[in-house]
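Each of the two complexes below includes subunit A, the first together with subunit B, the second together with subunit C.
Take a look at the complex of A and B:
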């Protein structure tokens, strides 16, 4: 990587400018790249040097803020963690699938935020053994093993790539979707939490875990290896148990 | 223009803003005064730059540690330019805030017995830094965001860019915000406003910061007459990745990583940080666990002496973790492994990581009193945008994540108390400032031919800040940077954007951010030029100014905005009520002393 070859690449970006036309169109840009050029670097180059009207989201450029998801040749990716060196020929950039497009590469994430909020993604402990007291603050105990049970599912950066990968969300945006179910699962697995029953109402319905047909593409595209498909599948087992228990209790 | 009324408006949805919102909601409940809280952010809250903090959050935790020790470390770390009453409050409220985060579900790393684990950090006398692997900021931000969803009284305005404060007779009465998706303005009337808009690292070309860290809130308060304090103190983090500047956490060194020059020599022992500590046995306040200002300065000296290596175009030194072993590295530092592999194709388990200093943190900011209130009644500031007086001339790593909790909560509570006994101002008073902002947006988008280009101005700004206000500074360099900022501010009046769309016009936003940047860059350069001494992160090469000068400069700089005219600088006394200024020393030289 100490020797950086400069070359030229072409990328095609799907443009959509709703206040001038209802139709989207493709626009080509040619730009210099080297071994380290990310797709986000390329978009920033376009914005500053070629075409300042191109709109897209970005912020941290280190794959932790979750802003810069786009489709790259039909696959959902983070722009900042996608490198042009890995692509031959024309590279086609589109807004994330399955979300309404606001402009260019910017999609409306409102439904995603609603789904996250719907699963009560916070620690629920209505009758703690020792309530929090700022005068005598005390933590819960949690062993490294207990932490390990949910830690992976706490690593979701809310980028939304898994929703663009999910055919069921594409058919029915009311489906809670991979990230929201994963987040519910994260809290359900937390030894400090007592909110599983409350979350089950949301998970154990058609638009909850049961919409998933286990395609598994969500886990493949996850840039943080969170494995939402595993969370959804484990959620189905929990939901089935929940139904059975409710049945026996009459 | 739409108008909405809230008891409290919070600008910024990062750690400080979210903690303030929850703090205000809880305070309102306790007071028995239901309050509506608006949380505005130019991005979705979980995109805020808190997300990128890696290493951890400091609080006195172990039985052997003491508040006095955390106080002393922070005061000497800041080279005595801190408000000591504020530091005292901070160290006494740090632990309860980290416990509160734990009670909200933050996945802190644990010891085998189920207690929270702490790690070593630079300039801290003992291990007192709580962490969640090396994604502490990420986990804190998401925990706060998710917890905030419990409070229906908090109404979020995601992707609203706040353009200005509305101020009447010395008190804040609301804000004017642009809805990014539609281009429409909204007037938000409020009884109290909290700014939690983060730092200004993007004033510099090479930095660890996210693109959104452009100092907007600082500029907003400054333009209304609030002082920007200590803006000359900008932290260079010693370990950024070459090329991008992406942060490689100090926790690498806390866990035992070492720094080597191109000859494989642990050069820090030559800069008052030695003697060399044995490999795999890091010792607090020695060698790699010295403070950030000293480490970045040592890099510069090595670079001058020709002992740095090369990575691409960058001069670098090397951060070696290999002796920690794969298992430990992957458990404690998984994120930096991912970053080094993705962005420079280096696996820290197998190779040393090439690194170099990068601008990281704005020590100065919007001046507030110890209760987070500014000189405008009802206007509060918390987190990196504020200068409450905690960090002085150099911030210690892991004090800022705790700061946004301690002072975010305090600002929220203060705002709630004020809102409970304050009436809204006459709503018509928001119309004029709203119209002014509308006119300004129209002007920027009016398509004037031959206008200035914001990209050129931005590049000129970041180049000038880097060349004149870097790790070591000279009179001539700073003078040149200050003159450049003044010229650029003038040229900005002729800037026009190409994009005239109302919908998600990010070019317009970049222009507005640049305008903020230029205003506060002038303040930063002016403070730097006028501070004719060397202290903490402000180091001068000029004859007679290479040492700290407490006789003349044990003072905060305060810069006041003067519209199109040059900014003005005043000096303000420092609160040294508990600890008289002493020599700041690390390694063996600091043994037994307060530093």
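Take a look at the complex of A and C:
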């Protein structure tokens, strides 16, 4: 079935094994590849055939789980969506930038999860949830037009590539960052949601939308074409409106 | 939220933007402010000269004719056009426009902004070009 030619390629992986050494170092691996070999396939090959000490995260192999993010030649990418056929010469694999490294390619994403939780990325409804009545079922209804307003921003898989692409997050990790602000914006745009007021307090501060300077690299690296830079900057418009309205209301 | 619960890395070094072409282009966009600052100072000086009288005004006109000043102001024009080009592309992403439930295509918004630039330029030449 597989008629593609198998060749060998070299990849360099930045290793960090805190149990044996405080310093990170580069390690080279030669491995067989064909046209369909993804970076994740390559890492799995290393782990299974060459070096079982290598640590990295992965799960779904199809750009849904968002766990296999790494730096490939300095650019954040999902391992499963990156194909070695697109690279010539040495391929340098590092853990995602701007996050503390735990071991090899595994980073500590706790700060991202904190920022995510801070913006309450879920539907907030003022009315208490009523017990389900099968005779008169109440559903959240939404028209296709209402769905279209936020759908693009709902495709985020929380992979964190945008945080590794964002120099503002690298300069100040308290910045809520692209994905958290995008998800806040996604729920603010949702016709079923009533939580905008609560989220605005988080978004409309220096570490919220105003830390963004529209570098735009987050949108370039996003594997799901969410365009977080657009969401963050739409958030600036909303934050400015919010401030003005608060000013007039006194 | 307890913000001290997770690890923090030291902030990026000052040369972070030299690492990637994309960041260099971003810094170029941001640096367009420097020649524009010079142009703005020129305009400000012109207004002060106008207030101070004819002699001062003639002096300012002569200053604006110096080759270095001309080159710097041409640079400012190029910088403002480059900045406009980047800004116009970003605009539809920040302010997506919808007319009767349909979103306007990005290209139409970008073209509209350039049409605005051309209209203002034409108006300018019509008003001042004959003098």
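Everything below uses one rule, namely that the second predicted complex is superposed on the first by the 238 of 250 C-alpha atoms of A that agree within 3 Å, B and C clash if a C-alpha of one lies under 4 Å from a C-alpha of the other, contacts with A are read in each partner's own complex, and residues count from 1 in each chain.
In this section, a contact is a pair of C-beta atoms (placed from the backbone, for glycine too) under 8 Å apart; a residue touches a chain by one contact, two chains touch by 3 or more.
Source: prediction; values computed, not measured.
In the superposition on chain A, A:62 makes contact with subunit B only, while subunit C stays out of contact range. Residue contacts after overlaying the shared chain place A:229 against subunit C, while subunit B stays out of touching range. When the shared chain is aligned, subunit B comes close enough to touch A:134, but subunit C does not.
Of the two partner chains placed around the shared chain by superposition, subunit B is the only one that A:52 touches, whereas subunit C remains out of contact. In the superposition on chain A, A:157 contacts subunit B only, with no contact to subunit C. In the superposed model, A:220 makes contact with subunit C only, not with subunit B. One of subunit B and subunit C touches more residues of subunit A, and that partner is B.
In the superposition on chain A, A:190 contacts subunit B only, with no contact to subunit C.
Contacts of A:117 after superposition on the shared chain: both subunit B and subunit C are touched.
The intersection of subunit A residues touching subunit B with those touching subunit C, taken from the two complexes, comprises 108, 117. Across the interface of their complex, subunit B is touched by residues 1-2, 4, 17-20, 36, 47-49, 52-53, 55-67, 81, 102-104, 106, 108-109, 113, 116-117, 120-123, 132, 134, 137-144, 146-147, 150-151, 154-155, 157-158, 183, 187, 190, 192-193 of subunit A. Partner subunit A is touched in their complex by these residues of subunit C: 1, 3, 5-9, 11-12, 16-17, 19-20, 22-23, 26, 30, 90, 93-96, 101. Residues of subunit A that touch subunit C in their complex: 74-75, 98-100, 108, 110-111, 114, 117-118, 145, 167, 170-174, 213-217, 220, 227, 229-230, 233-234, 236-237. On the subunit B side of its complex with subunit A, the touching residues are 43-44, 46-49, 51-52, 95-96, 99-100, 102-105, 107-116, 135, 138-139, 142, 146-147, 149-150, 158, 181, 210-212, 243-244, 246-247, 310-312, 335, 338-339, 342-346, 455, 497-499, 501-507.
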